[in-house]
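After this come two complexes, each holding subunit A, first together with subunit B and then together with subunit C.
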Partner chain A sequence: MPNQLTTSTSILKAIACLAVAAGLHLGGANAAAAQASVAQAAPKSDVSYFKLANGLEVVVVPDRRAPVVTHMLWYKVGAADEPPGKSGIAHFLEHLLFKGTQKNPGGRFSQTVAAVGGQENAFTSSDYTGYYQRVSKEHLRTLMDFEADRMTGLVLTDEAVVPELKVVLEEQSQRVANNPRARLGEQIEAALFLNHPYGRPLIGWRHEIEALTREDALAFYRQHYSPNNAVLVVAGDVTADEVRALAEETYGKVKPVAQIGPRRRPQEPPHVSPRFLSLADARVQQPSMQRSYLVPSATTAKPGESESLDVLAYVLGHGNTSWLYRKLVVERDIAVGAGSWYRGTALDQTIFGIYGSPKPGTTLSQLEQAMDTAIAEFIAAGVSAQDLDRAKNRLIADSIYARDSQATMARWFGAALTTGGTIASVQGWPDRIRAVSAADVINAAKTWLDKRRSATGYLIKDASQLEDKRS
Partner chain B sequence: MPNQLTTSTSILKAIACLAVAAGLHLGGANAAAAQASVAQAAPKSDVSYFKLANGLEVVVVPDRRAPVVTHMLWYKVGAADEPPGKSGIAHFLEHLLFKGTQKNPGGRFSQTVAAVGGQENAFTSSDYTGYYQRVSKEHLRTLMDFEADRMTGLVLTDEAVVPELKVVLEEQSQRVANNPRARLGEQIEAALFLNHPYGRPLIGWRHEIEALTREDALAFYRQHYSPNNAVLVVAGDVTADEVRALAEETYGKVKPVAQIGPRRRPQEPPHVSPRFLSLADARVQQPSMQRSYLVPSATTAKPGESESLDVLAYVLGHGNTSWLYRKLVVERDIAVGAGSWYRGTALDQTIFGIYGSPKPGTTLSQLEQAMDTAIAEFIAAGVSAQDLDRAKNRLIADSIYARDSQATMARWFGAALTTGGTIASVQGWPDRIRAVSAADVINAAKTWLDKRRSATGYLIKDASQLEDKRS
Partner chain C sequence: MIRHRSIRGLLAFCWLAAVAIALAPAPASATNIERVVSPGGIEAWLVREPSLPLIAMNFAFLGGANQDPNEKPGVANMVAAMLDEGAGELNDSAFQRRLEETAFEMRFSVTRDYFYGAARMLRDKQDESLDLLRLALTKPRFDAHAIARIHGQTLAGLRRESTNPTTIATRTWWRRAFANHAYGRPSGGTLESVPTITADDIRGYAKRVLTRSTLKVSVVGDIDAASLGKALDRVFGDLPATGELTPIPERPLDAAGRRVVSQLDVPQSVVLMGGVGLSRKDSDFIPAFVVNHILGGGSFTSRLYDEVRDKRGLAYGVYSYLLPLRHSALFMVSTQASAERTAEAVELIESLVRRMAEDGPTEDELAKAKSYLKGSYALNFDTSAKIANLLLQVQLDDLGIDYIERRNGLIDAVTIADAKRAAKRLAESGLFVTVVGRPKGLESKDPGG
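Right after this comes the complex of A and B.
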């Protein structure tokens, strides 16, 4: 079954999994493929936003092309909100939310969705956790009843929890332990973040996942799952008035159970030391390198800064016409691939990444030096009006095409509202992209592509592939 | 004023500071000078251990050479027990404990110690926090009254807290920000520990210290300062019966205020990636390199393993007759210094460090490669009976000489009992050192000096001193 939530576009770093079906689908967690901010273009008209008395935020995105609705409930809690030593609990709890409530025991919710021909999924990121269904519009109320019920009514037994832990551990094996690039990414993030929990794996450290209990899950649930910590997004063949009425009758009856304070995670100290690491894994067929820089997110950036990084990631390293690809793959013919990406949608400081794979005969160190040279040349050369316009038009156009997906639109608003953004910040993104100048892009590169703010990782088959002794 | 607690021997990684006198003394935090476990030799005879009804552990170490006593109260809480985002609170609270109680306001405690010609100090480590006085024996009860009073009776006003925060920030400037080697050590520890709070600076990240408040300090105090979370060590011209009677009358009246659970910190995942970093600091006169390996502590090790690391650190890198010094400074003449150390006294996994400074004409990378070669040669050559015996005799003899200091003996027991050790483990240390074989030492080197478990740092004047592009 395709992963509806993260294969269509891979903007977000999130684990998406159909928890009831063992959560083994490989989703959009491949950070190297992520691109730009989630705060994409969206139609200014028609989108409604309101809040229920119990604190639940509601976004309605009308889309009348077909009599279907996309219903997403987003919680403002993710892996970066986990208590120390309990990494993985956000994702584990996401799985456990399919274990039923007193009112709707066992798999009744999922069975009902399936019975009406609907689809469902769930996803966990560092900053949010979400639950998603897509059904014919006449079933919307049913979904809302179910989802409101499990907002605070979850019942967990050891009989349900213990087997699900095995499922989650198997998922960790599939996604990370048996995936050399994911392993490298985990090591790079751990080395990049000196203090912030973004340095912990989204799925958790395996030894900590193994020790998670029913009590851990319930404690995390009670602390974070509450209407005053959630955002409901409904996209589809509905009006705001219809959704408001349904939301009042369903979610509106859920009492806030958690005291929700400001989301303050430990922040990074100044970064002063470039970091480098290597990972040898016998399964590696093609050596590669990645570097992650600590940069502002859409939420932490000064005005225009995050959009400049969006454009920079595109011009510098998106696709076969990008600077890095042209320099390293085409002109110098030393790489089989090279690119860059920016994960703008984050509550706290985030990552701008570059990556590349050398051609046989080129070492990783030579490739890395060539990338540094190419970046220096990029800064010296500036961005041509043509390249800039192409990048901006493409970013904006992609975001407009993406509106074709109801789920994508719902996802933009959900991700923005759970990471410090607003409806207006989503809707204003195309205009802000249009305002980015060539000087802004170069300035972003100069300011943020500072190796002292970075961790670089080499992925190799065995340590003898390292040409120097830094292994 | 000399720092009584940490200059005499530099075994512990701790910040010692006379908090009332601004805490600016540079203490034994220089990890590169640390050596061996705190679990040193101590006389088997005479040491008493008992527990009061309120949970306070008491150790009495008779020492009748002079009519003085050393009184130390140790809390089983340190920087590694700090909540996320509040780094520095353990050390800040140590300073604030000199701000007085309702019964003994302001500086009355310190003034009393001074008035009777005594000395006092305090210290914070990752695992414990301690308060120390040395006075004529007739004043022991007075100290115990004061110290028992501030165990739960601390009164903090913003008038007292705000200026002390400036003192602590100034201390951070002196100890770390203006000390290139300390800055490098901070970066290496942050890169070495992927999950455990030992990766945070003991003194705290500056941006987090700046935000600490009176409420943070009181919350940490109430959570950890309680007789059932403390160890009283009295060394000097006293009997166990005398101390017991005095302790019952003073500390015995303090009710436990905190529920003390097991001390469980987030543990490390398997280490798979060698890490490397560099720090450029214009104040550097002599480039140097340090490497820290993640290794077992006396508390986490299998039997004999920590003692093997004690001997390894000595044979490999203690003093001018050690293997590294002979190979790199004497024979190859490429280093001005080289050595190794082991911080065995820790509740969780700890550090084995190697370090060196190149001679002019040798690059850091060349020195690092030479160190790796020297370690490989050490493993291949084995340890001669002569070298082994000399190291073991020296370690044991040093620990016997160190008994000459009342404070040192008190410190051994206090540090052991607050990091998972026992009286017996301290007393049995010489016998365990005697039992270490040459094969044990080589096995420890083979097992634990694995670069995948390490972070290496170069300290340079400016980035151009890096001979390759990893800067």
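Right after this comes the complex of A and C.
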């Protein structure tokens, strides 16, 4: 939509690895809404969940409108599970999973997907790694065979690994090094997380990516890729019984190879000091600022807290009717864009972000002060019943729109189940949103929009722009 | 809206998606298309889908950015940004609030040839939703304060893009390839043009372009033909019957063989290459589409993907596509490579394109491509929004309401002789290349002219 500027780039926590038109984009400006639930999206009776004997979890989401299925295999491992010094290995391994197995060497899997007119891709986030194909339903069994085979059968040669590392480095250049806003996003996250590996870039630090080896990839693979650490999601023109039978015949034959312990990452100490940084890049022609606050995720929050943050992100900073947009862009006329977002889907504590781009003539520190003032005014004014209802209805409506896309449905369940959520927690989300009160929203703002728990970044052309205006 | 972080430039991405959809073969069962004509004579194609309480409506008018005044690029883009900024009695914020209250999603966008609208509504809010759409199209306010605000946002975007290598490569390519032609103007406008765009410019464009005479509509969802007929009159009935489009001359690409390198301090170079392609009406378009799929279409098995990415690790993304504009037919290739290896990537791609033109695909490649293109048919019919978009594209390309049923057969009928003949026509006179970055050993070539 041409009249909205997307200002925040740090919010992309998932990388769609291979570039095809059907790439998945998890995360994004509408993260709060994207986390939306599926209670209406899929009536409870429609969605099935079961476990195979080898520990593989299975979710089936029927959608009978077209003779098509979306087949996704999610592993409960992501960039935040990487050993120190090996940042980027989760994503690199995701690329390498396309290099073949003993049974299906080289590109046979991709060639087979192509031969039947399927689309495929894969993605990595901090908490999960996923592989998917979309095909006509009669080919589901074939895909399950291949995907089950590469759960534990990966074969890597230097001939395949060496060029792929270059591809990943090119991807890092494309996503980050070539993009000043993405570089700022990396710096803010590194500053925000004092101890948790969420502070590391999802794609890895370049110097560490450069040093990754075939052995690193295989070690990470053997440690984490196993049926007892994975979730299969099949959405589309199938029944749970069909999927169960096919899954038993394919995935069911894979022996668990890894000992999977609880996912314990180093946690954050109390945050006591606001962090501020700036990134100067000669290419910056439009300055901007972003601030990330450390907040609870849907998994770590107390009951209702994460949903209050969902509504807060919407009322405070989603779209042209939001508080920040009205105050800064419309009323005070000092910004060309301003907003907020919340990434609730995460295993550990997560981020609530605010962002703004000043109009010419306004400095970033003036804008930042105005944002702080606007947030204080928001807390003082409270949320009107109309604003609250509008936000809640709009968030819940997204769960109806989501029913139009089997891929979206598959993604929601997969993301939830690999970050500590359950089918029930996804399905109950609209009801929990409905229960959020105006006081909950204001309490969330008071509690969590605490600068001591934040890192603020300025994107500027050169350091002299900073002046001494920072308060 | 989420900006897609695709490796494809935004334009390339959107376009490719549209083509892939329009060309997809289709299972007849997925689409029972009704031609609905409203009492007032407005036509729409409808696929009824009662299993979800939603309605998707896509529509388009002829004349996108190519109808911008010559000295003021960006007007169409401004119109698209302004239609939901207040209409009728509702000012900008009141209108936006009503959109949210009804959970009605309304998006307008512009390509070189078309002005697009895409709407999604809840079935149970269709009256309120359609009313808002009617207001936006027929009673937009274009208030001065809203225009000023959108100016500011547009300019911020342009400033941001001004040092983005992908934008520079794209803008340079079009400016040089289509000098003194509407296609050479940047659709988004320029830092100079946007501030000069007035309410009169915006109104003038809307009056000339948003008319019933070129309107095409497709609808998918829980609505019957009779209700849709009434809805069409309500939403579009008050638009002017006809407008006044500036004729756009045909312009075959003649810039091939040249290369323009723009220096920018980024570690990775952005490369855009374009040559002559085939028009959508060309009898060899379908064979060319199949050949392009083999060469660089969006799968992990194309020649470009295999040679440039898989074997050599030169790039994260590399792909090609046909771009049949209404007034020029193009074939495009795009990639991004490190400064050290850009020259190698460019030369390799040029040789792969040449080799395809000279020898065509193999029998085996052709068989596999046909299998893929036929098999992937159904994937274009799994969401209402995708079906609506596909039906619209088929209408715009004037392929006929039975096209979706015929599509598989057309792909299947492509022989190796057809493919070889079509391959020779891809970039027949070579490629015009723009590169942005610090590519080692790669210089501009005959950049004048």
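What we mean here is this: the second predicted complex is superposed on the first by the 432 of 471 C-alpha atoms of A that agree within 3 Å, B and C clash if a C-alpha of one lies under 4 Å from a C-alpha of the other, contacts with A are read in each partner's own complex, and residues count from 1 in each chain.
Definition applied: a contact is a pair of C-beta atoms (placed from the backbone, for glycine too) under 8 Å apart; a residue touches a chain by one contact, two chains touch by 3 or more.
Quantities reported herein were computed from a predicted structural model and do not represent experimental measurements.
Please determine whether it is subunit B or subunit C that touches the greater number of subunit A residues.
It is C that touches the greater number of subunit A residues.
Would you sort A:Ala282 into first (subunit B), second (subunit C), both or neither based on which partner it touches?
So A:Ala282 only meets subunit C here.
Which partner does A:Val116 contact after superposing on A: first (subunit B), second (subunit C), both, neither?
A:Val116 sits against subunit C, while subunit B stays out of touch.
Touching A:Lys451, do we find subunit B (first), subunit C (second), both, or neither?
first
If you stack the two complexes on chain A, which partner ends up touching A:Ser405: first (subunit B), second (subunit C), both, or neither?
A:Ser405 contacts subunit C only, not subunit B.
In their complex, what parts of subunit A are in touch with subunit C?
Touching subunit C from subunit A are residues 1-6, 12, 16, 18-23, 25, 28-30, 63-68, 98, 107, 110-111, 113-120, 134-136, 162-171, 173-175, 177-178, 236, 282-286, 319-321, 326, 329-330, 333, 336-337, 357, 359, 390-391, 393-394, 397, 400-401, 403-407.
Enumerate the contact residues on subunit B facing subunit A in the complex.
For subunit B paired with subunit A, touching residues are 84-85, 87, 183-184, 187, 190-191, 194-195, 197, 199-200, 205-208, 264-267, 269, 272-279, 365, 368-369, 372, 451, 456-457, 468-471.
For subunit C, which residues are in contact with subunit A within the complex?
Listed in rising order, the residues are 1-8, 13, 16-17, 20, 27, 29-30, 49, 51-54, 56, 77, 80-82, 84-85, 92-93, 96-97, 100-101, 103, 105, 107-110, 120, 122, 149-150, 152-157, 159-160, 162-165, 188, 264-268, 298-301, 309-317, 319, 336-338, 368, 371-379, 381-385.
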